[in-house]
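Working notes, structure below.
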Amino acid sequence: MNNALEFRISASYGKTEVLHSVAGTIAPGEIVALAGLSGSGKSTLALALLRLLHYRGGSVTGSITVEGRELTGLSESAMRSVRGKLIGYVPQSPGTALNERLKVRTLLEETWSAHAEGAGSFGALLESVQLPGDQVFLNKRAGELSTGQGQRLLIAFGIMHKPAVLLADEPTSALDVITQAAVLKLFAELNQKNGTAMLFISHDLLSVASISHRVDILHEGKIVESGPPGKIFSAPEHPFTRSLVDAMPRRMD
Amino acid sequence: MRRKLASAILILVALCALFAPAIAPFDYDRQFRESPHAAAGGQFLMGTDNLGRDRFSRLVYATRISIVLAPAAAAVSVLLALMLSRFSSLTTLCLSLPWIFLFIIMRALLPLDTGPFASILLTFALMGVAGWAWPARIFNASIRQIRQSGWLLQARASGMPSRRIALIHVWPHLRAIAVAQFRVLVPAYILSEASLGLIGLGVAEPLPSWGNLLAELQRPQAVSANPWILAPLGLLMLVMICLEEVSA
Amino acid sequence: MTPRGFARRLASRLVSLVVIVLLGGFAAAALVRYSPGFASLPEDLDPSISPETLRALHAQNEDSNPLPVFYARYLAGTFHGGFGVSTSLNQPVAELLRRRAPVTVRLVAEGTAGGLLLGSLLAWAAVWTRCAYLQTVAVSLTGLFLVVPPAVLALVFFFNEAPLAIAVALAVFPRLFGTLRALLGDLYQSPALLAARARGLSSATIATRYVLGAASGQLIAITGVALVLAFGSAIPIEVICGIPGIGALALQAAIGRDMPLLCALALIITFFVTAIHTFGDLIE
């Protein structure tokens, strides 16, 4: 059986290479957490997998396959049918990722009709990310949402078409602990119900570990360690992983 | 409150312009040869000019011309700006040409027997064409900003077709800029027409416009004899202030 | 920016400056040559002139060279000094310009200086004093002069025999006020200024180091804009008040279908405006 996602890519901005032949596989139904320092290239990796990095002024070489299908070399219009449908994406910064002039309703409808016919119904979807589905909310402009609300709306966009792979870039960074727990639970449910594979980017290792099957550590543009969360926490091998684990807050016991 | 008052005045002026034939007691070019330079009052509300034409009627018709054509010229500029904004070097070139100079050339080169109607259309069409570069530069800058925006990337990541992205996401931004530019250009063109009219390069006689009515100000003795000569200037400034107030 | 990067940018700017100036001259020449009124002469409307004389006049006026040839020859001529001979005034163009330019330069320079001074003063009053009364005065004054056509201002000054440079200044300052106020407002709130105040620096130091120093780049750019604005309002002012400057000369040239004079004016004016824009871009 094919892996949900398989890649080996290098990425650079101008002459500086920020990802050096980073390789990874995600099995169907697997949740992989990707951790690393700020600036280590996590967001770059997510954009590169969607083949959107050139819009940020970067370039990518290497190969990316989703469910056995090679993405590099696909035309822009073929890529369009992949984005949002096969690969869902939750961007890192909700503040800038929403077009502040548009209504929530418009954004939802447009995201829906990119890959589906007819009128979508969004009540259940919004409820699953703890957002109200009423008219007042739907008629709000995206610029009027709080950062956390914006982030949950972006999560809703990412999972709307039940993608085979979800790339979530710090999807809970702006949420309070209760909502964060609910969103994590939602991801776990989606994963169990639909078998969605996930690449979960976060530097908050502890919270991610609870739902992920494997943790990859990205350091200086390379994946330096990869293993189940229990092993990473109890017996880290790479010195960087060790310092990362040492720096984590512990229960006072 | 001030805003409401300003819009009310603007609507009133626009209505006067619309119903000019009903409001003006005489035709704009009817000459009362027996009473040139008539004083205000009586038959002539604001007196008559040197050719014995009723000033009030001419003002009403002038309002019609200025108030219709300045927005039209502004619309032409904004449309051209939208279409041409991608050619940034052309924009720079046109920004670098002092358009008042070009305008003098263009306007002075019109055949000497150009009819008055053609002269109005040409005056405002040339203004519209000459003024596109500035809004184009602003469009260009904001398009560059939109290109780098996070939401555009997000829209692409959700697999929307690019034509939908342009229509749903990008157009509302551009539309807002277009409206803002339009609002800036309308008063600018009203002023430009006034300056050109004063030099005698605007709308040609016998058609009245705010600009060529202002030309009467060049005879200060006449102004002290009949202060109503200042009426076009007052109306122009009033409309400009209201436009400013409404778009603020 | 590295010196090398700057040199590169300077070079590319200079190249584009030359290209724009040449294109500007060509545009003006093309405008004249292909305008519908090119062939018409003031004598056309004079019923006392016989048709034969008219035809002869037209033949004499017609330039048989195609435009690119004319323009190329014209440019070649300018390299050998002199801009050719004005056909309407029968004088060397260079000589005409030498006589007319100082008038305009002086009017524009004084108008720009006055406009900048007035604009800065009002912006300072509106931002720095934090006095609501002064603020209202500044905004209303700006609003008032924003809606008066520069030509009307010129007339008022002309008939009262007041210096016309003030009319130019009054036309320029309201268009600078907004930018200057925003600039000063940003400075007013800047953390650097706040820190300077917290350190107890004297107001003289603050004014020179933290305001003039911090804003000098933008101030130069604004001066460029002011120059272009002043020039734009100087042209109609010259025409109305009969000042023998470049603006009046341009009108004469256009009415007389004077190709060499128009081309020279277009080249010079385009150069002037483009140079200002280029300079503003470079120091940004």
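Per-chain residue numbering starts at 1, and chain names A, B and C are given in the order in which the chains are listed.
Here, contacts are C-beta pairs under 8 Å (C-beta built on N, C-alpha and C of every residue); 3 or more make two chains touch, one makes a residue touch a chain.
Keep in mind that this is a model prediction, so the values were computed, not measured.
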Chain contact topology (line, ring, star, complete or other): line
Chains most often in contact, by C-beta pairs: B-C
Subunit B and subunit C, separation of their C-alpha mean positions in angstrom: 22
Between subunit A and subunit B, centroid-to-centroid distance (C-alpha), Å: 52
Subunit A and subunit C, separation of their C-alpha mean positions in angstrom: 55
Contacts with 2+ other chains: residues of subunit B: none
Interface hub residues of subunit C, defined as touching at least two other chains: none
Subunit C to subunit B touching residues, read off their complex: 16, 20, 23-24, 27-28, 31-32, 35-38, 40, 42, 44-45, 143, 146-152, 155, 159, 228, 231-232, 235-236, 239-240, 247, 250-251, 254-255, 257, 262, 265-266, 269-270, 273-274, 277
Subunit B-facing residues of subunit A, complex: 47, 50, 52, 55-56, 76-77, 80-85, 89, 91, 93, 95-102, 106, 110-111, 113-115, 142, 154, 157
Interfacial residue positions of subunit B with respect to subunit A in the complex: 147, 149-162, 164, 168-169, 172-173, 176
For the subunit B and subunit C complex, residues of the former touching the latter: 89, 92-93, 95-102, 104-114, 187, 191, 194-196, 198-199, 214, 217-218, 220, 233, 236-237, 240-241, 244
